[in-house]
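Here it is, the structure, as structure tokens.
Per-chain residue numbering starts at 1, and chain names A, B, C, D and E are given in the order in which the chains are listed.
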Amino acid sequence: MLEWWNGFWAIYSSVIFGIGINAMLALSIYLTLSCGLLSLANAAFMGIGAYAAAMISMQTNLSFPIALLASAMTPALVALAIGMPTLRLSGVYLAMATLGFGEVVRVIVLNLDITGGPMGLNGIPQKTEWWHIVLLLGVTLFTLARVRRSKIGRAFEAIKEDEIAARLMGINVARYKLLAFVLGAVIAGVAGGLNAHYTFTIGPANYGFESAVDILTMAVFGGTSNLLGPLLGSFTLSVLPELMSWLKDFRLVANGLILIIVILYLPKGICDTTKLRTWRRRLDTNSSVKVQ
Amino acid sequence: MLELASVSKHFGGLQVLQDVSFSVKQGSIFGLIGPNGAGKTTIVNLITGLINPSAGEIRFNGQNLHAVAAHNITQLGIARTFQNIRIFKEMSLLENVVVGMHRHLGYSPLSMLFKLNSFKHAEASAKQRALELLSWVRLDHKAQMLADNLSYGEQRKLELARALATEPKLLLLDEPVAGMNPAEKIELMEEIKNIRDRGFSIFMIEHDMRFVMELCDQIAVLNFGKIIAQGSPQEVRHNPQVIEAYLGKEEEV
Amino acid sequence: MKPILTIRKLHVAYGHVHALKGINLELHAGQITALVGANGAGKSTSLLAISGLIKAGSGSIEFDDQDLLTLAPHHIVQKGLVQVAEGRAILGTLTVQENLDLGSYTRKDKAHVAADLDWVFSLFPVLKNRANGLAGNLSGGEQQMLAIGRALMARPKILLLDEPSMGLAPLMVREIFRIIKEINQTGLTILLVEQNVKQALKIAERAYVLENGEMVLEDTGANLLNNPKVIAAYLGT
Amino acid sequence: MFAQQLVNALTLGSVYALFALGFTLIFGVLGVINLSHGAIFMLGSYIALLLVNHFQMSLWLAMLLAMLACGTLGVIADFLVLRPLRKRNAPHLAPMIATIGVAIMLTNISQGIFGAENQRFPLGTIPEDSFSLGNLHLTAVQLAIVLISFALMLVLLTVMRKTQLGRALRAIAESPKAAYLLGINVEALFFFTSFAAAALGGAAGVLVGLSFNAISPFMGQPMLHKGIAVIILGGMGDIRGAMLGGLFLGFAEVMSVAYLSSDFRDAIAFGLLFLILLVRPAGMFGKILERKA
Amino acid sequence: AEIKIGVAEALSGPAAKYGSAIKNGFNLAADKINAKGGINGDKIALVIEDEQGKKEEAINAFKKLIFQSKVLMVFGPTLSNSAFAADPIANASKTVVFGTSNTADGITNLGPFTFRNSVMEADVLPATTKAAIKQFNIKKVAVIYGNDDAFTKSGYDVFKTALSDQKITVTDTETYAKGDVDFKAQLTKIKSSTPDAIVCSCLAEEAANIILQTRSLGMRQPFIGGNGFNSPKLFDIAKDAADNTLMGSPWSAENPSTANKQFMADYKAKYGTDPDQFAAQAYDALQIVAEGIQKIKLSGDLSKDRIALRDALPGIKFEGATGKFSFRRAASKDGKETGYDAQQDAIVNIAKGGKFVLLK
């Protein structure tokens, strides 16, 4: 058994690390979405966090927790700065502005020497342990769960539904949006820091438009009406390619198909509680019929 | 307590309000009536800080509301309902009302994170209070339903409860009984009286004359952005200008 | 005389909210029929079901020897059943003029459209002044006028009105009822849902009272106006 | 050099605009950022290439057929994916994510069929030589792209502004319920829009494939990225906005290469878009209803 | 028994065009070896994983090959960026990792188990530049390269040094991004700086488009290119507009050696298209490894065999499609043990009539 586990762990540990990190990313965008903000800056924040942490680990003797702290704080500061003017925008316009921001970050990183240009940073010490991810993911989940059931969570939801009405309920809309945006940046940044310390290398190409869309996909695929959604979404989309690998060349086609089918039947994501409830009810009635 | 002094507003070239002045007294019900498009809702939007006046001043309890953000105006004690209903459709009725209590839930982030007593207590009493407010408008039996599932008239009542939840000193109602039948109107009229008696001041826009005349202590009439009459219901009702512009010749309403 | 539209045993449910529980209703050509009831009784639901915007559970709505329940919403409008819906459903990002133009979307007799536009403008002069402004910027009452004007542009056979007087000033309310009467006299059949029960019953030849999804009363408008139950429940005196 | 750079900006901008026209149509009417538009664009190229290569068809006929094929594909995708989501009242991001699935499938099927490598139209499909006006150079395809994109914009604009069809489309865009009440055949117009948008995307693919000789399964991706910027910058579904947004992006890119630095081209272009949105929060032509309550 | 050899290349995604050529090269070589009876009687079995050109996937693919499929050694991954992520995995598990397409600086510093036969730009570009200067009497050049790609950027770095070593003025330096198809703005700027030639560190597809667009702007300057140019794709797209382009590489389709002739013919017979440099390097790489395996006696103890292979490889000398080949230990940067780079001579080619011919 132990031997089996060792073998399994040797092969799949990085897949499992990846799931944990993707879960954090999906949660980071869940948070901004729960406040009605369609922000695509989270990939860029992940990158900022990753570079900040990697540079500290490679160029100083500071410990890993400090590097992770930097991977949380740097994106938070950037988010604070760009959030102020940007968050007036709504819907796709915000998505576009944050996409533009991400592009600016990517090109800057690409052209700086200290960030290694297109080669990125290589030889980052491998410091991420499985329990780092479990711990930080746990803290994130716990915090978000508490936030959800508090006045902050309700304020987020009110803002998502009707900004004007929310304002007239005495909610400082600008401040709460900024809060969601910055917290999202912190979570994404930490995920970036953790990721950098197990893949040995980071590069500007990892944090562009496509990653932003990937992160969004995981959250929406899982469902953004509760915390389980982003978790399930990131889990499913991370293991799907593994499960489909027997399809060889058609693997990606199958991925696309599964994505479509799931969204078609569960448009609110795989973790759609109301749907699950009706299904269970239907199941119950079916089985009771059989008993009779 | 609320005072408008020579307030004007234009949208581009369209002059919507001109030199509007009136004041609302503490503990009273003030009615604003006038033809469609006269600028009544615009006045409510100005008071609640959604738009800014082009000229003039709005004061609430002596404080100038110029450039005060909408959420701060709510915190000063002004709440409103909307002519085109704006409830939070994806939330339950209870949550809608609890959102209204936002600024009265004073627990710290720490207490929120660790479910300390102050948090538990504040949340529980907010729920309690919300249920009470819902019972004022007779919606407490639907407290757990999604607001989207309510009929039009019920949504209006929910809005009223939600506005009350902000514990306003002044309540602005934009056509509170639109879409209700006479029996329901009378029911709501009683509720509004009760609310007034509980110490709220009320500013109300309404086209139903029976309702306005019976409830209001003071009425102002707006026509094409100008106040054309002001006074007690009796005075206004017999003002020829008001009859001409608003009520129409036949007495029967 | 055979009714022009007949609703039989119509059931509608929203999830597990049973909004209409087998109602029956008849409209007669050239008449105004009123439908009254408390908030949440199911009035709007009935109108939406006629227009095909809500799928009915069972029952039938017969018009022109056809069951409307089998038709798509746009076909129902093409057959001449036009609705002024609750909440007005005006198009805020289009201009007033464009809203009115779309009113005549299903019309074949394009020649008369211009004349009808003038007619609508004469009924509601505000609309003419604001023809090129965005409909979303109109005041509540002005939007109500636009919604009615737009429906008239379709030259319907049956006009379904969901609380047309809502949000209108007294003068305008009277004006609206006058207009309803006037267009009715041109031969148009009207189904009127109103909270302004007194006015509605006054102009209606027939009237129905809906309670909790069930039809509880049916009579002439005049009779219902004197019916003690109606007086107690809806006229509030 | 400035004059040539102006020409470069105009042609690049027209390419973006051409792609964005169909994209913005879907965005405007269905309210969906259709992320499979890039894949449709790519298929347009391949289909025309296939027809020219294997059936020796004339280019224009091939382009027409490619447009038809793409249009049909657009309708199929709408029928199988977007329509069920509309029926189910899906939250607004669901259709966008579903179109990602469509894009993944189309891209990988194309890779399977056509291979991963770049292809080009055979030599001589169109006149290769460039018009020269003194020091100014412009190829025939480039000129065609500029003219076609302007012409298409004018056509679309007239349809949307001046015809009952256009008004109906805008009505659907704002509120399908209101459109139903007006007797508009909403589903048919959704199909029509999907068809037209995909056909336009296909046409853009053929022209871009002709002009840049880089037909590959992945050619849609960078275009999509720019296209999103363009349509949002232009304002929700606005035709002029797509055109001007495209030209703007073209000018921003070319001029930052010409006078600043090609290293920071994308940062400058996207930074500018960012700034424009701060000034015009609903894009260049987006309307914000001022009325709040 | 079978000898399992891992191959992790990008078979989907934008890098698939390189990955699939590489895979073809390996398959061709495996067929050839197995047809001759394998190595000491053991057949080669390739275990192929798709790493999609992504670093996380490359790590996963390596782990699967090494721990699950228990391969003797691993080829790949396709892109240098992925190699930085995946090669440490192989080194940590003491397994040979052999890159056939990773040209970036520093890859072989990742550990003593790292090998590659992909020629470093530093070995070929200076020779190419020198030949070009002589051929066209060049005094000043303009440079264009892709600045968001490790391969083209490191090619540019080498060009830059080579140009300054040879005292050539650079009139203008321009960059573009992956996925660009319109290079006119950059080229117009280059045009106005009137260079004698254009140095281009690009991949074949982009290079072809750059050449075509240069011509359509009325410029006739010759091009000097790196490894990226060494592909039939260049001419599929640019045709004879690419004439007078100079390119240096150890592999040339024109190389008349028998090994190369046979490779070209076999490849064409099996896949129906002409091979490119990626295929050629993969083809040689497997044969180099095969020679290494031949030298050791496979004991059946995987970890011992892996180390034995590592020790045997550096001594291999080989002559294949890419000419004479031997390993050269990479210079150590921080005192750590390093892996092995390729030691090969460049052949300089010139484009004439739509194909590369040897420059005389």
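In the analysis below, contacts are C-beta pairs under 8 Å (C-beta built on N, C-alpha and C of every residue); 3 or more make two chains touch, one makes a residue touch a chain.
Computed from a predicted model, the values in this text were never measured in an experiment.
Where touching is counted per the definition, the chains common to chain C and chain E are D. Counting steps between touching chains, the shortest path from chain A to chain D takes 1. Note: the chain lying farthest from chain A is C, by mean C-alpha position. Between B-C and A-E, more C-beta contact pairs are found at B-C. Per-chain CA centroids place chain A at a distance of 36 Å from chain E. The centroid of the Cα atoms in chain B and the matching centroid in chain D are 47 Å apart. Distance from the chain C centre to the chain D centre is 42 Å, each centre being the mean of its Cα atoms. One inter-chain figure worth recording: chain A and chain B are separated by 41 Å, centre to centre, where each centre is the mean of the chain's CA atoms. The set of chain E residues touching two or more other chains comprises 12, 147. In chain D, 108, 221, 225, 263, 265-266, 290, 292-293 are the positions where the chain touches two or more neighbouring chains simultaneously. Residue positions 110-111, 164, 249, 252 of chain A each touch two or more of the other chains.
Against chain C, the residues of chain B that register as touching in their complex are 11, 33-38, 40-41, 83-84, 149-154, 175, 178-186, 207, 209, 245-248, 250, 253. Those residues of chain D that touch chain C in the complex are listed here as 164, 167-168, 170-171, 173-175, 177-178, 180-187, 287, 289-291.
Interface of chain C with chain B (complex): residues 14, 17, 36-40, 44, 86-87, 126, 137-142, 144-145, 163, 166-174, 195, 197-198, 232-236.
On the chain A side of its complex with chain B, the touching residues are 142-143, 146-147, 150-152, 154-155, 157-158, 161-162, 164-173. Those residues of chain D that touch chain A in the shared complex are 33, 35, 81, 84-85, 88-91, 93-94, 96-98, 100-105, 107-109, 112, 221, 225, 228-229, 232-233, 236, 263-267, 270-271, 273-274, 277-278, 281-283, 286, 292-293.
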